[in-house]
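Both complexes below contain subunit A, partnered by subunit B and then by subunit C.
Let's look at the complex of A and B:
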């Protein structure tokens, strides 16, 4: 077990190397560069000399392989560099924005699972009857709703009816946990609901399948209480595919987070990535994508470990 | 009073356009401590009839439409779900056909073995654990302490069936229903498992209902045999009578299709031609008529009444007497 975790963590290194390489070249496929943006900011005619000065300073005139080698050397030293635009260290930007994004993603998955699993079970148990119909209808509706739109509706509803809007502040989760959660709860519900829409259906169908298994018949033949048959015998088998789904959807959830961060004015990594892309701030963009990638990879590792804990047939070797 | 009396039990499966009469009015009984077999081809309704006893029919689409299942005089079909639950494994336990899929893959053996005892006998976790150890030893699993902590995938098919037997024994039931307990096991293991079940149930005075498609297998284990065909019991009698003087052409066919070492190999194997009828479209007359060598005109029109060919030996066949006499005659010649 410990060896496996160590191996997986070590595997992060080559994975992140590939990600870093891809980000580097993909960023440079974009037309234009940061120098053009900086000079043209005041709307005047572009001063070619000024552009060249900035490019020289940022090393953008060097051949691509040289730039790439410089970026890699920098990474090897554990340095994400400084923003091309603002000269702020990328690590500092990440430190300020990562918390919101990660908390948002984790909270969304938790909210999604908390909704999906009970509703999925209920739907399967009541198959064909009205609770099943209602749950299936709602999951279809939420599947079709874009989560950012749901976020806007939630925000409007609370502001209009309860005159409540999420707090705006600068502290971190540790300093102000309640405020942080208040700020994140609406977007988390919005993202979580769209995750739950898929996960409810999956829970329902895997549950129906599991309930037909021979071992459920054995459990019933033992004279166990129906609740135990469902919770202890059926559920652990039925949630395995849902956990897989949550791993797969996780990267997708982060995409949705970008839009929701904008709507809810959250200082998250998503907003920074969009800004960095539009300003061609390569250093910042590369740094942010790398951290996000590492986060997704660690998440996948946690999912794998959860899998092993739930199903002893799965071997780690 | 018999331990279990099944009276005209009918279990049908309903789909949009058809009614499948899986069990269509069967009657048989089991005495206390007795070993009885229910024999028939796959799909003849024998498993459905046994699942009906404990209310384990998947419903919908299945439904018990008529009949009585009396356990020491109490009709189990009239019980509420929670009353029925108390009979399961406490009074009547089951061993299923597929040991590979009948144990929950994500729960360890100890929990699967003790949970029934904790629910039905109100044992504490420790008491149930101690009993679980004994039970594993009883069913011939060595190193039970280590085995209890393991998961089903760490057991072979035969070992899992032993665990299933341990589970069935755990609440000291009065009757164990074993539904094809050895069908999916290696031939060498089959006899071991059957011997084990016979010994353990005899020692404890438990009755055993052995459900199988293999008439040859049950020969030396059971006292009485019920032969089932297309949802009905077509012959019933003491084990020796059925083997020596079969009185239904179907039983004769089953016996002829058993490979036997004491017969000439070229002439011995004689399979029954054709297929069993579709249970959703049963013929008006005898269900076996189409495949029967002895069929007469009447067989196509009218379902046979059950006749007693000798004491405690019945056959649902229009020509039962003739078939019986024919086989009894051969016996006296032999």
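Let's look at the complex of A and C:
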């Protein structure tokens, strides 16, 4: 196990190098640059001289290999750089946005799982009967609904019926946990519901499969209570695919639920990445993608280790 | 039997888990009492789509009124309380001179003062600010300001004439690696001389009586030299030190800016104490239009600001919210026009530009831009938007008027046939509002027989195409706050201005510009302006004017008050000193 972890950690280095290189060159495929983003207005460039001065200051007039070498040298020194637009360090931007992104991802996964697992079990247990039909219908509906639209509907419903909307000021979870939860709950429900629609179906099908296994029949034949059969014997195996799905969703959410972050004015990483892209803030974009890449790689490693812990049949080697 | 038993046992298990999530949600929502939006006393009906009043011609040598009298509200405001304003974006840089867009002044301008300022109620009249008096030299190439005594920066240091001199020398010659996109005009300052303890003279390269308006514009603020020269420069909110009515309290870039009142502000309110009336003012970024509407509906914010692009949702929101909120519209100085690339075919030919100009029916465009309410969202303009002293006459000029439209169209078609032009490609910003606007413009041309292909991209991508002259036509929507006809000419259309790909002007334009800038009599200035417009329409045609959006709009809770009609006017140039909240405000 230790060797495996060390090997995976060491693999992070070339992976991050490839990611950094790809991000650097792909970002520059985009037309325009940050100088134009700062000085252009819709349909015209306000001050041509200013564009050149900004390009000089940021080194954008240097040949691309020189810019690349500078970026790599910077990374080797452990410096992720500063935003070309705001001059704030990438590390600070990550520190300020990571909490929102992580909390949104965690809450969404929890809400999704809390809905999906019981509904999936119920649906499997009552296969073909009306609760199963209802659950499957709703999961199909929520699968079809875009989560941002659901988010807007939730917002408008609360505003219209209860004159309530989420707080507008961002605070850290430690400083104001209730306010932060209030800000996150609607987008988390919107994302969680979409996730639950998939996960419910997955739980149902795996549960049905597991319930037909010999060891379940044996457990029942031994006279165990049905509740115990489900919770102790069927559920742990049925829930493994849901964990996989949750892990993938979590990794996806780290990159940001951009539209929902925008709608609910959540200063998360997704919004930062989109803004950095549209403003051609390459330094910020490269830094954020690299940090997120590292997060996701570490996360996938943790998931692999979790599998081993949950299912003894899985070997790391 | 087995089946029944398992069902009985599974349902409670499911209910427990499902109820847990429901309880968690309800408790999260229920922690805070919903903020009741107070029902205000009846107020005047909103006028969301009223066309702006025609801009008065500037009076270059008008004697200034005393500050307090000129800015006196018609009734006393109430002191205390705070307001929160939701905007689509806040600042991206602490030194807002370094960027071109107006999000930053929206959040930061209230902390600063200018030498002179625009009257927020009309956006053009010059009022005293740091300077109580000013005069323009006989040759219109120098401006002498008498500056108040006893003005203090927010950190307690006295404002000196050295600060003013340093500020405008910095604008004229920015430090290495810096440029100030909105202060291009100030680079024509040639000399700044401190005459005595209160008097400073600023000289410019060429005569231009209208130049004084640059000192009143949102970007023409005065900085504290001792702060700006600290190590690191403008690197955080603690460096936002001005002499304005508000002192920055707490701020997070791209999120919010909270300011408290400046007890030492130098302009007094009618009650004898200094402005501002409010104790606190916050600007918060709510990028999504629905979030801004929800926030004002639930009392999270007192004012929600909407771009022209969000005008229709704002009107819809007003109808939905009802009479606890009113709407006011801020006229914009900017115009929408179509930029033609004169560095390549087909618009390097005056005939092609004239065809494009004549085939574009501005009244039809206005009709297509109507709001769902039936009101017009734009007004037809010429080349100078609202600073055009003859803007009211635009619908009656030959190429626009309903009476002569057929003739103009026929001439345009004849020119197009002669050149064999059947259409063109138009570069358009990817934001939905601009795409919609471009589609309407394409429709106007389609009605006239030209086919327009839209090339949609984001701002930076389009800017690259335009900078490289790799386009035929682009839709330009400069939300510029250019103060005068001469500023429009210099900063938009003449070589060195924004329209770098516009056709070079006939030589006579330079003579006429000199006439305009040197005119100290408004009659002479009007005559020069008329002739400039004639030449532009007949012999130059740098762009095709489309129209001017009626303005950006504000949804304002009725407990927020100010001088009648002033709150929604020129909001982006507002320092908020004469705004107050009444007793119905939840933040009183």
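One rule holds for everything that comes next: the second predicted complex is superposed on the first by the 290 of 317 C-alpha atoms of A that agree within 3 Å, B and C clash if a C-alpha of one lies under 4 Å from a C-alpha of the other, contacts with A are read in each partner's own complex, and residues count from 1 in each chain.
Note that in this section a contact is a pair of C-beta atoms (placed from the backbone, for glycine too) under 8 Å apart; a residue touches a chain by one contact, two chains touch by 3 or more.
Keep in mind that what you see is a predicted model, and the values were worked out from it rather than measured.
Asker: After the subunit A overlay, clash or fit between subunit B and subunit C?
Answerer: fit
Asker: Answer with first, second, both or neither: which of subunit B and subunit C does A:225 touch in the superposed model?
Answerer: both
Asker: On the A-aligned overlay, A:77 touches which partner chain: subunit B = first, subunit C = second, or both, or neither?
Answerer: Neither partner.
Asker: Counting only touches as set out at the top, which of subunit B and subunit C does A:267 meet: first, second, both, neither?
Answerer: Only subunit C is touched by A:267; subunit B is not.
Asker: May I ask you to decide whether A:163 touches subunit B, subunit C, both, or neither, giving the answer as first, second, both or neither?
Answerer: A:163 sits against subunit C, while subunit B stays out of touch.
Asker: Just subunit B (first), just subunit C (second), both, or neither: which does A:280 touch?
Answerer: A:280 contacts subunit C only, not subunit B.
Asker: Report the partner of subunit A that touches more of its residues: subunit B or subunit C.
Answerer: Higher number of touched subunit A residues: C.
Asker: Counting only touches as set out at the top, which of subunit B and subunit C does A:214 meet: first, second, both, neither?
Answerer: First partner only.
Asker: If you take every C-alpha pair with one atom in subunit B and one in subunit C, what is the shortest distance in Å after superposing?
Answerer: In this superposition, no C-alpha atom of subunit B lies closer than 5 Å to one of subunit C.
Asker: In the superposed arrangement, what residues of subunit A touch both subunit B and subunit C?
Answerer: Overlap of subunit B and subunit C footprints on subunit A: residues 220, 225-226.
Asker: Note which residues of subunit C are touching subunit A in the complex, please.
Answerer: My answer: residues 2, 5-7, 9-11, 13-14, 17-18, 20-21, 25, 28-29, 31-32, 34-37, 84, 86, 92-93, 98-101, 174, 177-182, 184, 235, 252-256, 284-288, 290-291, 294-295, 297-301, 339, 427, 429, 431, 434, 457-467, 474-480, 492, 496, 498-500.
Asker: Where on subunit A is subunit B touching in the complex?
Answerer: It is residues 212-215, 217-226, 228, 232-233, 236-237, 310-313 of subunit A that touch subunit B.
Asker: Where on subunit A does subunit C make contact in their complex?
Answerer: 30-34, 36-51, 53-54, 56-57, 85-88, 96, 111, 114-115, 117-119, 121-122, 125-126, 152, 155-156, 158-159, 162-165, 167-170, 178-179, 181-182, 185, 189, 220, 225-227, 230-231, 262-265, 267, 271, 275, 278-280
Asker: Please name which positions on subunit B make contact with subunit A in the complex.
Answerer: Those in contact with subunit A are residues 51, 54, 56, 58, 81, 85-90, 93-94, 96, 98, 101-108, 115-116, 119-120, 151, 153, 164, 167, 171.
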